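The letters A, B, C and D name the chains in turn, as written, and every chain counts its residues from 1.
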Amino acid sequence: MFDKIHEECGVFGIYNKDDLNVANEAYFALFALQHRGQVSCGIAVNNDGIIDCEKGMGIVPDVFDADTLRKLTANGRGDIGLGHVRYSAGKDSIPINSQPLVMRYSKGTLAISNNGSLVNTEEIKRELQTTGAIFQTNSDAELIGYLIAKARLTEGSVEEAISVAMNKLEGAYSFLVVSPRKLIGVRDPHGFRPLCIGKSGNSYMLASETCALDSLGAEFVRDVKPGEIVIIDENGIRSIEDHCGQKTSLCIFEHVYFARPDSVIDGASVHMARRMAGRYLAKEHPVEADVVIGVPDSGLDAAIGYSEESGIPFAFGFIKNRYIGRTFIQETQEQRERSVHIKLNPLSAAVKGKRVVMIDDSIVRGTTSAHIVELLRKAGATEVHMRISSPPFLNPCYFGTDISSREYLIACRLTLDEIRQEIGADSLGYLSLENLHKIAVGSKCDFCDACFTGKYPVEIKDSIFEDKFSKKINESKK
Amino acid sequence: MFDKIHEECGVFGIYNKDDLNVANEAYFALFALQHRGQVSCGIAVNNDGIIDCEKGMGIVPDVFDADTLRKLTANGRGDIGLGHVRYSAGKDSIPINSQPLVMRYSKGTLAISNNGSLVNTEEIKRELQTTGAIFQTNSDAELIGYLIAKARLTEGSVEEAISVAMNKLEGAYSFLVVSPRKLIGVRDPHGFRPLCIGKSGNSYMLASETCALDSLGAEFVRDVKPGEIVIIDENGIRSIEDHCGQKTSLCIFEHVYFARPDSVIDGASVHMARRMAGRYLAKEHPVEADVVIGVPDSGLDAAIGYSEESGIPFAFGFIKNRYIGRTFIQETQEQRERSVHIKLNPLSAAVKGKRVVMIDDSIVRGTTSAHIVELLRKAGATEVHMRISSPPFLNPCYFGTDISSREYLIACRLTLDEIRQEIGADSLGYLSLENLHKIAVGSKCDFCDACFTGKYPVEIKDSIFEDKFSKKINESKK
Amino acid sequence: MFDKIHEECGVFGIYNKDDLNVANEAYFALFALQHRGQVSCGIAVNNDGIIDCEKGMGIVPDVFDADTLRKLTANGRGDIGLGHVRYSAGKDSIPINSQPLVMRYSKGTLAISNNGSLVNTEEIKRELQTTGAIFQTNSDAELIGYLIAKARLTEGSVEEAISVAMNKLEGAYSFLVVSPRKLIGVRDPHGFRPLCIGKSGNSYMLASETCALDSLGAEFVRDVKPGEIVIIDENGIRSIEDHCGQKTSLCIFEHVYFARPDSVIDGASVHMARRMAGRYLAKEHPVEADVVIGVPDSGLDAAIGYSEESGIPFAFGFIKNRYIGRTFIQETQEQRERSVHIKLNPLSAAVKGKRVVMIDDSIVRGTTSAHIVELLRKAGATEVHMRISSPPFLNPCYFGTDISSREYLIACRLTLDEIRQEIGADSLGYLSLENLHKIAVGSKCDFCDACFTGKYPVEIKDSIFEDKFSKKINESKK
Amino acid sequence: MFDKIHEECGVFGIYNKDDLNVANEAYFALFALQHRGQVSCGIAVNNDGIIDCEKGMGIVPDVFDADTLRKLTANGRGDIGLGHVRYSAGKDSIPINSQPLVMRYSKGTLAISNNGSLVNTEEIKRELQTTGAIFQTNSDAELIGYLIAKARLTEGSVEEAISVAMNKLEGAYSFLVVSPRKLIGVRDPHGFRPLCIGKSGNSYMLASETCALDSLGAEFVRDVKPGEIVIIDENGIRSIEDHCGQKTSLCIFEHVYFARPDSVIDGASVHMARRMAGRYLAKEHPVEADVVIGVPDSGLDAAIGYSEESGIPFAFGFIKNRYIGRTFIQETQEQRERSVHIKLNPLSAAVKGKRVVMIDDSIVRGTTSAHIVELLRKAGATEVHMRISSPPFLNPCYFGTDISSREYLIACRLTLDEIRQEIGADSLGYLSLENLHKIAVGSKCDFCDACFTGKYPVEIKDSIFEDKFSKKINESKK
């Protein structure tokens, strides 16, 4: 909610065989995926090879209205639709980086939406530049587009070109490509980010999460496999699986925090995973208490789980203001300091005179946690026991989230007990790594836990490593 | 959430003795009161008798930004601040009806914010018109202002004029008046709408609900008594209680649905009242089931109560999309039909294969209820038992909510079992009137239950009665 | 163009007997009257007694778009339409003062648009307040509305009530009133501000200037007489002339600067009046020169006249930037200083090496004049002879323009030769008062020249006099 | 004004050696160049190699406000600034085509602004695509950027790369390039579009027209020569003239209509050129008449010239509404038909009872001309003699204007007398080609007159020729 790490994107695509309005479908699907990115969004509509695209800064209801949607389908209801929501921070939060990216190349037109983060962008750029490439954005989607265009010079089909391009791509990516006649979905061989297939009538869809399919009333077909290229066209759906078969490593934080609880990723319910995290927490860090509460929204499921395992009653401990949005004014220090309390009010009736177990999904800087603990005490809680449904953050993420500086990570600076003191809790317990790996019941994927362990599923070159972490530390020292 | 009755307003005032920025305080307080009205909002700032006012259509973050707030305090941080959020429907949803209303009269300047609905507006208008009055708005605040101005011609002080004006006012009102040197809060003798007093440092505040005080870090002092006039000026706080002592009748729907659960009204916690409603429901309408869920947000507390009493586990049955806002496109029939599912997705992991008790606070038309039951069944619920934490709506409300047409009320048309069938539930149970009166544990006020019983605490003249109900029935027949 | 005095309003009304869309008609008419006020604008549409109104801050294309116009005629194309454009400065530039003003009173609904300025507002307010009146705006329209409502208590018809109300009104006013069945136009007995009648098909119109009629393709019928009340309803057009017959005093500055040159006021063409001013200037202040230029736009006609009389060739001396609008950034001193040059560029090809006569309509502070003279010299003019098509400003105006402070008037501070030196001209000549009175060839009205002579057509009470002038001098000394 | 051909762009660049705020300078310069394009605009600011860029759809005051300008210089007041205004029609009127275009390539960062139109874009694209290029825009600037990036792989400096790239470019282009350390201006060897050099203090500027220099108070240094590459860096200004020396062909329509009259292009005053056109018209097509008027704004100068030569007095025949802007509503046919009259009102006082000579710069479709003639007659003109200050349009333009379809050109369909009849004039005369070539007195360039003669200064391949003309004719037949 605040003081959180952030996911970088969500994607959606639809191949229309039912006279659907693909702009409308994408609009509703992006609403469902909005939690994956609020900085910019866009929709592209392909009518017989002509691609119209509208994108802008802000959330879906800010960028799209009835007029914009009408404009998108002025030339027809769309053969294929493509959508994107994007999170980004700092200097990358500019219009040019919005997606979908529409490009023309030797074989016609392509539109690309991507979720993830490559770890070898500099290498790819250097290679492309030697043939005279120019770059107009900072997005991986542009590099992917270039590599496809290059590969297409020798390959027969778009999907073959994509397969060749994948040889150059290292890191996390789940991208969709719209060509004049095809919708293609690609998930990196490690499966860092989710991607799934849905169907409604005769029309196939691809989406970052199943909740987008639900919102369209579509049925879930299956997840795209790590390494799989899914091609949808008038002949139906087929796959290229040449890149499948590696050890998989889905970002575990999709289950802990990023994804919506009503989504099911690689066979595991996100809601159940959080509830299981709560149960394991209760086993690992039991405490005598009167009530279990969760920090909304992501801590609520884990709190239910903790309650189930411990027998301590669950309660709503906070009321979250539904109306706090992007435009909340935080210009002055005073306004910023108040923001936690304005977003979140403790429910005195539920916690007064009680020993409270409070579940949150993670601690980044710790400032918000401290604030929340203080609010609970003022509301009358006699004890506050904090439980975190993941291990301590200790390492940077290179695969599409914004954990970027050790300075910001409280667990890099302080011991467990120092953290407990700094946030003012009576006790503090993190979920163990061992149990973390058990929460996603039924998952067909293994997980990346590098932010906790430092063990990266793909090699991180020294140069990037230093760039992401060392440099930021310097910056934050200024 | 949808297909709901609506509250009509929220008010906030502050008398500044601590060099606070009163525009900022009002801004944050209105955020906390936003659930009471989303159609328009406004803030007035009094600097030494000069009142600046900014208002507009939409929610607080739409109307106010850093520039607007700065403009409001261009002449100083404010001696007194006044805020308002407004709900209104149909032809009254126009800018001119926004509040605070700022007026000049024989003794200087006044600003007024009101929550409620008078039942004798036509009488008051007729009387005022005989002396040549003109009306520029459709708001009760304008009539109140006129009556104060009239009374002031003979009375010595604003508060005395207000007391005289109250003799003419019939119905529901909780209003705040800012004069050049005073902040005055008034609650009608029946206490239909809430109003409370808070304090932060040396500065007093008046607000519709205590959650606004919490959001400012202010302490709750006490509720304004039904009939009380509270005067705050440089000498502190004092009261006129000439209108106190009548039988009180707080709107019971404040507890059931309108107010925020973290608010405490006349001594009773809203959260606890809802939980109690859930407990009584469990006693009145027990059922064998596997899980209890609530329709977000208002049904959640009652679901916890039902779970506590019945021993059936509580679960989150729906995920509510956090990003659906005012600008959600619903132009076409198709878009409208989808809106429920886009706002609310059942959590399959929680309900699949289970017998579900679902708690909602009320049924208006029943269309949304039917839709939700259907979604639950599609998500795998084997049984759906609907429980409503209030009795059936049968009568119009004249005191500030928009229950206005029997046509729209399913309980006016159908028997209990017909309703059950129409919404497709396996069983249906409403909270009894008797138990409804017990839910607000600790309340110092009696309640108005006229929407269930037809017994109005104040006389409703035939003319209004016909106007509100009969006419609307005709209209809806067109 | 800059450093100018300003007119305060323009009005337009239409009584529709031809199935016209009255919102559209008003929209186009207000465009034509936009020069009379750019601070706010509004349109009201009467459908069978129900009046819808849209207004906002800014110029017509900012406030009205296709959606707004559609909203205005959602209930019908309109029986009667009413429009207003407003200029105002300082604390009066707030939304609440926008017009038309729509009010309800004992006999139904009225909408009012006014152009002008009363000189006895305080007196009227005091009297109204003794009966309990409240004021929500700072506009004369509200006072006029009140007086009509009061008079209506005893009079039989709106027009009779208006006639009675006029007994209380002193000063300048040209207002339009829309009642459920009538469009009424009123011009004060002195005729300070213009008002004319037009006709298109069977539909009558009332407008501040004839250029509004032209823009609608309507024919000019005649001017409203000073003191006349014109009533338009289904029976056609008729008049009440009880207030006619006084000595008239049209604001001479309507001809010199305010009105559009294509308008004809009280029988005199504005364009011709300016041209005549130029001719008289040439007679009064001849000079040997090579070229005559005008400061756009208002100085151009007078320059043509000077050229005709003197035989010195006319030329375009400046190019005015067509795109400079309301949003031009002038935050910093540097930006402000540049604004003259950015708006107006001397045409070197026309003035280089030449002795230039430059005509402007007036000098207020003189700073812009000095800047323009400097620009001409830089562009190569060897001599610059400034000619002003009106006498020096020496007195405040109480009738609807913003000449309000002697401090600002260069002619109050300096002698003729000192002014010449300050603006850097080689010679300077103002039009004489005697000839000023001759410019409006064919005018049926006499003129108010109080800003030059101090002889006010209506008595100015000491209190107002001091208020407007002395106070401002103090203020400007702060 | 309406029914006109359009220019496609304007450019501005500044190399800052005086602590100027380059965003501010560009903002003011773009205002002065706004007439060259109103569809989109943008400003890029280079601080030590880091380039920030803001651009958007609409005119300068719509896209830029104080906040946007502040954002642009958040990292410094700018070493180098670059601006662009763009006109475009149809499918190219989309945000992605806005300029400046900022790109990264092997040697760092470049920003490009271009005015003109290449005739061999397809050839260039084909060649680039064979090396895997992708195109994200439809602008020539992207192709130019690519060619520079390619050339840079082998060349030592940006300017050398530009020189090599120019070997591939055929057609009209005047572009500016900002590299980390240099501002470079390039004009195509034919000099189709203007480009000039200015200086203010120690800072050099490049601009499409001299009026931009004037608006900044800068002095004109000289025109960039056709074929010249001008390099400005910390060492001052220098040139590469390898591409100079060809036969030049400045677009004659810059003088007739596009450029601002206060600009001087290649040594000839635009104002004087138009005046000369009027003089030649008077010689070629004399007529007995009482008054000469011009269609604002472009016909005014020529009208002065006609008056000077013929001795017939000049007058203002029309008043142009100053407030008609981009948002003027023209949704319905009725609204569109009215638009001419709303923008332009004949000045009855000037034309009534008179034989009128009316000068316009060109006739495209003729519909507007017919409307204007009709308005003049209604205003009382007894005769209307139309004179056009250029020959009839007969051929498409490939060099940056939007004359694209013979269908639209009245002179392609009708004989001179038929045109006269269609527009309803008493007589009609076009300027002869011979005299057209004499109007730009002092010009150092020859002219392109292909739109009149069909003689193109560069070879137009059949494919393009057919594309631009034949295809459009088909389209317009649909």
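What we mean here is this: a residue touches a chain if its C-beta (ideal position, glycine included) is under 8 Å from a C-beta of that chain, and two chains touch if they have at least 3 such contacts.
Bear in mind that the values here come from a model prediction, so they are computed numbers and not experimental data.
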| item | value |
| --- | --- |
| Recurring contact interface, reference B-C, options C-D, A-D or A-B [over half identical by residue number] | A-D |
| Separation of chain C from chain D, taking each centre as the mean of its C-alpha atoms, in whole Å | 37 |
| Between chain A and chain C, centroid-to-centroid distance (C-alpha), Å | 60 |
| Residues of chain D engaged with two or more neighbouring chains | none |
| Category of the chain touch graph - line, ring, star, complete, other | ring |
| Residues of chain C touching chain D in the complex | 24, 27-28, 31-32, 34-35, 38, 59-62, 64-66, 69, 211, 214-215, 217, 260-262, 264, 269, 271-272, 297, 300-301, 304, 308, 313-316, 319, 321-329, 331, 334-335, 338, 341-342, 345-350 |
| Of all residues in chain C, those that touch chain B in their complex | 53, 95-96, 101-106, 110, 128-136, 142, 145-146, 149-150, 152-153 |
